[in-house]
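Multiple structures are listed underneath, in C-alpha cells.
Same chain, two partners: subunit A is paired with subunit B first, then with subunit C.
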Partner chain A sequence: MKKLLASTTAMALALSSVAASAADCTNDTWNKVVERGKLVVGVKADYKPWGFRDTDGNLVGMEIDMANEVAATMGVDVELVAVQSSNRMQFLEQGKIDLMIATMSDRADRREIVGIVGPNYYTSGTNILAPDALNFTEWEQLRDRPVCGKQGAFYNQIVEERYGANVIAFTGNAEAKQALRDKKCVAFVYDDSSIMADLVSGSWEGFSMPMPTEDDNPWALAVPKAEQNCVFGRFMSGMQYNWHKDGALLALEEKWGIQSTSYLKAQNDRYKDWLAE
Partner chain B sequence: MLESFQEFFRTVADNHPTWNFIFFYDERQFGKVVSGLWMTIWLSVACVIFSVIIGVVGAAMQGAQSKIVRGIVSGYIQFFRNTPPFVQLLFFYFALGRFTPTYSPDGWLEIPIISNVGWAMISLSFFAGAFNVEIFRAGIESVPKSTQEAASALGYTRLQIYRYIVFPLALRVSIPSLNNNLVNLVKTTTQAFVIAVPELLYESITIWNDFPSAQNPMMVVLFVSYLALVGVVVLGMNKWEREMRVPGYGG
Partner chain C sequence: MKKHIPGITSAAVTDLPVLLSYKAKYRAPQELGFSHWLAGQSLWFPVIILSVALLWPFYALAQGSEYTMADSFDALWRWMPFLLTRGFVFTILISFMTMLVGTVLGILLGLGQLSPTYVVARASWFVTQVFRNSPWLVLLFIVMLSFPFEFTIGDTIIPVPDWMKAVIGLSLPVMANISEIVRGAVNSVPTAQWEASESLAFSRRQTLFRIILPQCFKRMIPPWMNWYAILTMATPIVSILGVEEVLNLTRQAIEAEDNRPELLIPFYGFVLVIFFLYSYPIARFTVRLEKRFSVNL
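== the complex of A and B ==
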C-alpha cells in the first residue's frame, strides 16, 4: 500500500512537471512578433555610440545595428523604442517592448525580473569623468564630495557605500554631464566604455578618466522573463553566439569607433569554429 | 515585535520576488524613504505658502493704477503659466543657475548659493503663484462694485477697501479653485526629480534601481504617500472653506 502510494505520488509529480514545462513555453511574445511582422526593441537614445540619435533624429548605434540584424534574421520589421536605464526593465516586463538591448549590466537581481540570456555581448567597468585639475588617482578621494551620476546605474550605490561619495543622480546623461561642466560636482561616475567614447569625441578638453576601473561587469540583452528558456531566449543566445563567433561585434566596435576591448577578442577566440582554417 | 515584523517582510521578499518591501528591514533604504518623504513635505509646504503669498500680492498689484505694475504682473503670469514646470526647473537650475554667486570649497567646485532644492522651491512657487494670481483676480472681480462704492462712501481708502472689504470676500470665492491649484502643486513637486532634488519620487526610483525586486512596493509607497499628502491638503482646505463661510454669501 505504502509502495503504491509512493509510486502514485512519484508518477503524479512526474506528470505534473511534464505538464508544467509544456505550459511554461507558450512563446507568446515570439508568436506575437511573428504574427504582426514587427519586432519592438528597446534601445538607448543617450549612450553614444551604442544607442543615440543622429542629426536627423533617427536612433543609430552599435546596439541598433544588432537589433536590426535580429529582426532581419527573424524576417520581420523592426521598431525602435528609446528606453532609459531606470525604466528599461519595466518596459520589457509590461510588454511595451519585445526585446531589450540597452547597455544593461548583467546583475543577479535583474535576472529575476527579466529574461537575461548568454553569452554576454559586451562588458564595461565603473570609472569617473573628472577634471584633470583635481588630480584624482584613487576612489577614496571621492569621500564626502558631490559626484554626479545617472539614475538606474547599479554602481551609484556601490560608490556611495564603499567610498562615501555623495551621488547626485540625474534622470539622463545630458543633465549629469551638464552639471559636471557647471562644476556642480567633482566627477561623473559612469561606464568606462562610455566615458572613453566621450573623451575620444574631443569635447571634454581638460577632463580625463583617472581612476582604476572597478567592478567590470558584462552587459546583457534581455527577453521577457517567460521567454527566457523558450524559443525567443534560445534564439537570442544563438544570435549572440554567432556574433561572437564570426567577429560581427568586433566589426561593429570598429565601425562605431569604440576602443576595442579585450573581452570581445577573448570571446571571439573562445567561440571560434574549430574547423575554420 | 520589530524583529518579527522585519522577519515577516524578509519572508515575503523571499517568496515573492517582485514584492520586496526592503525599506521595512533595511535601515539604509528606510532612511531614504523617510528623507524623501520629508523633502516632499518640506517642498510642498514651502511652495504652498510662497505661492499663496505671490497670488495675494500679485492680485493686489493687478488692481494697481500704474500701467507698468499691471504690465509686470501680466508678463509674469504669461511667462510662468504658459511654460511647463518641467522646462522651468531645467531652465532655472541649469541656465539661471550659472549667473548666481557661487562658493568653492576645494578650488574647483562652484557650489551655487541657491541649491537645486532652492531652485525647485522658487520655480514651483512662481509656477503655482501665477495661477493663484488669476484665481484671486477672479475672486476680486466677483465682489460687486456697489459694495466697494459703499465702502468708499464710508470713507475707506483704496488700500483699506482691498484689505477689509474686497479681499475677505474674494478669498471666500477663491477657495475652491485655490484648493485645486494647491493639490496640483503638491503633485507637481515630483517634477523636481529632473534636477535631482532628493524628494520621494527620486528616492523611490533610486531604491528600485538598486533593488529591482522592490519596484512594486515603492510604487505602493508613492501612491499611498501622495494620497495621504493630498488628502491632508484637501481636508484642511475644506475645513477652512466651511469656517470662512459667510451665511447667505456666494451660495
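== the complex of A and C ==
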C-alpha cells in the first residue's frame, strides 16, 4: 500500500513537472523590458569592429547596431553594458543584462547556462596570429609552447587539449596581443575573423594567420535561460531570421569593414524569400 | 682639589627617588610610509615619465613602423578628454566614496575596539583583523559576485552599479585600517588623562568624547590622508572586475586604436602621470601636517 502510494506520488510529480515545463512561460524579462521601456544589452567594448568605443566613449560596432535594431523593433530604449568574455553569461544569469550580443561562440555547455536561440548570426573558426619568422604551418607545432589567449574564450581549450599548447590567458584582447608583441608567447589564439580584421588594419606587419582554420563555430546571441522558449527567445529568433533574409547582416559586415564571410552569404541564400524577384 | 659632581666627574647615580619621564605605551600610528615615499619623489618624476611617453613614438618610429609620432599624439589627444572625464573622474569618485564609507565604519569599529564591554571589544578586534589582513582583490571578488545588481523595495528599483559594489568592497579594508588608526590614536593619549578625568568625576563617555578624542583628531589626520593616497593608487584593481574606471577605459581606447604597440607607453604613461599629479600634493600635505601635529611627549 505504502509502495503504491509512493509510486503514484512519484508519477503525479513527474507528470506535473512535464506539464509545468510546457506552460512555464512567465516572460519576466520581456515584461520587465516593456514595463521599464528599456532594453539592457551586454556588448563587447574591446572587440573591434564588433563592439568597441569611439573617442566620445560611446559603444559602437556591428553588434551594437544589432542591439539598437532589436530595441527599435520592440519600441524601447537601449542601454548598452560593456561585458567581458569572463562575465557575460553571469550578467545574463543575474538579470543585469536582458540580452547578450557579445561575440559568443555557440557551445553545448553554454546552452545549459543561457538561452541561446537560432539561427546563428555569425560564425568564426579558431586560428592563431603568429610572427612569420616562426614559420608555423600546422597546429602540432604549438605543442608545449606558450600561446596567449583570452580568459573565457573556448579556443584556449582546443589548443590546450588537442595540441598540448601552454595557454596563457589574459583578461582582454589588448593585453593578449601585447603579450604576443612582447614575445611572451609564440602565438595568439583567437577567432579567424577577428585576426583577419587585425591583419587588414595594417598594424601587424610581419605577422600572419598561418594555420588552417579549425572548428568553424557559429556565434550566438543569448536571452536568459527561462526566456529561451518564450516570447523573448522566439522574438530574437525572428530578428535573426530576418537579418539573414533581408541581408542586413551582410550590409553591417560591409559597413564595419569586416571581410565578408561565406557563412552569411549562404544563410542569406538559405532564408531567401521564395516569392521575391 | 677638584669638586665632585655626580654625572660629570662620575657616573650619574643617585639613591634619591627620581620621577622618570613618561613613556607612552602606544604611539600614535605612524603608517605614513607611502606618503613619505611619494612626497619624497622629485617633481621631475612626472616630467620624465611624460617625456618618455611622448618620445616613445620616436623610438618606435626608428624601429621601422609606418605609424608616425603625430598619429600617436593625435590618438592620445583624441582620447584624453574621455579618459579624464569618464575615467579619472570616476576613479576619484570611487576613492572619495570609499574613504567616506570606510572612515565612518572605521571610526565605529575603532571605538568598538576600545569598548569596556569584553564581547564588543573582542568582536571589533576580530572584524578589524580579518579585513585588515585579507587581500583586497579577494574582498572585491566576494562583494562583486555576491551583491545583487539591483534592489526592489515595493515599486521602486534601486540599482546597484558596479562602481558602488567596488566602493563597498574597497571600503572594507579601509574600514579595518581606519579602525586601527582610531584605536592607536586613543591609546596614544597618556593614560594619566583618563585617571585625571575620572578624579574630576567625568564619566567614561564624557572623558572619551570631550577629552581624549579631540586630541586624537590631529594625530589621526596624517595617517588618514596617507590611507587616502594608498587607496587612490589601489583603485585601478577594480578594473580587473570590469568596473569602467580609467585603466579599463584606457585599455578599451588602445583596442579601439587597433592596439598599436606605439600607443602603449603614451597611454599608460598618461594614466601614470595623472595619478601622480593627483596623489603627490596629498602626500606632500600629509607629510607637512604630520610635522606640524607631531606630539613630543
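Note that the second predicted complex is superposed on the first by the 255 of 277 C-alpha atoms of A that agree within 3 Å, B and C clash if a C-alpha of one lies under 4 Å from a C-alpha of the other, contacts with A are read in each partner's own complex, and residues count from 1 in each chain.
Please note the rule applied: a residue touches a chain if its C-beta (ideal position, glycine included) is under 8 Å from a C-beta of that chain, and two chains touch if they have at least 3 such contacts.
Please read all numbers here as calculations on a predicted model, not as lab measurements.
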Joint occupancy of subunit A by subunit B and subunit C, clash or fit: clash
Which superposed partner A:52 touches (first subunit B, second subunit C, both, neither): second
First (subunit B), second (subunit C), both or neither touched by A:84: second
Which superposed partner A:171 touches (first subunit B, second subunit C, both, neither): both
Which superposed partner A:96 touches (first subunit B, second subunit C, both, neither): second
Which of subunit B and subunit C A:255 touches, first, second, both or neither: neither
Subunit B versus subunit C as contact partner of A:198, first or second or both or neither: second
Which superposed partner A:110 touches (first subunit B, second subunit C, both, neither): first
Selected from 23-31, 77-85 or 113-121: the stretch of subunit B that, after superposition, runs into subunit C: 77-85
Footprint overlap on subunit A, comparing subunit B with subunit C: 90, 171, 175, 178
Contact set on subunit C toward subunit A in their complex: 65-67, 78-79, 82, 86, 145, 148-149, 240, 242, 244, 249, 251-256, 258-261, 264
For the subunit A and subunit B complex, residues of the former touching the latter: 85-86, 89-90, 109-110, 112-113, 131, 133-134, 145-146, 151-154, 156-157, 161, 168-171, 175, 178-179, 182-186
Residues of subunit B touching subunit A in the complex: 17-18, 28, 90, 94, 97-98, 102, 106-112, 116, 193-196, 202, 205-206, 209-213, 215
Touch list for subunit A against partner subunit C, complex: 45-48, 52-57, 82-84, 87, 90, 94-96, 171-175, 177-178, 181, 198, 201-203, 205
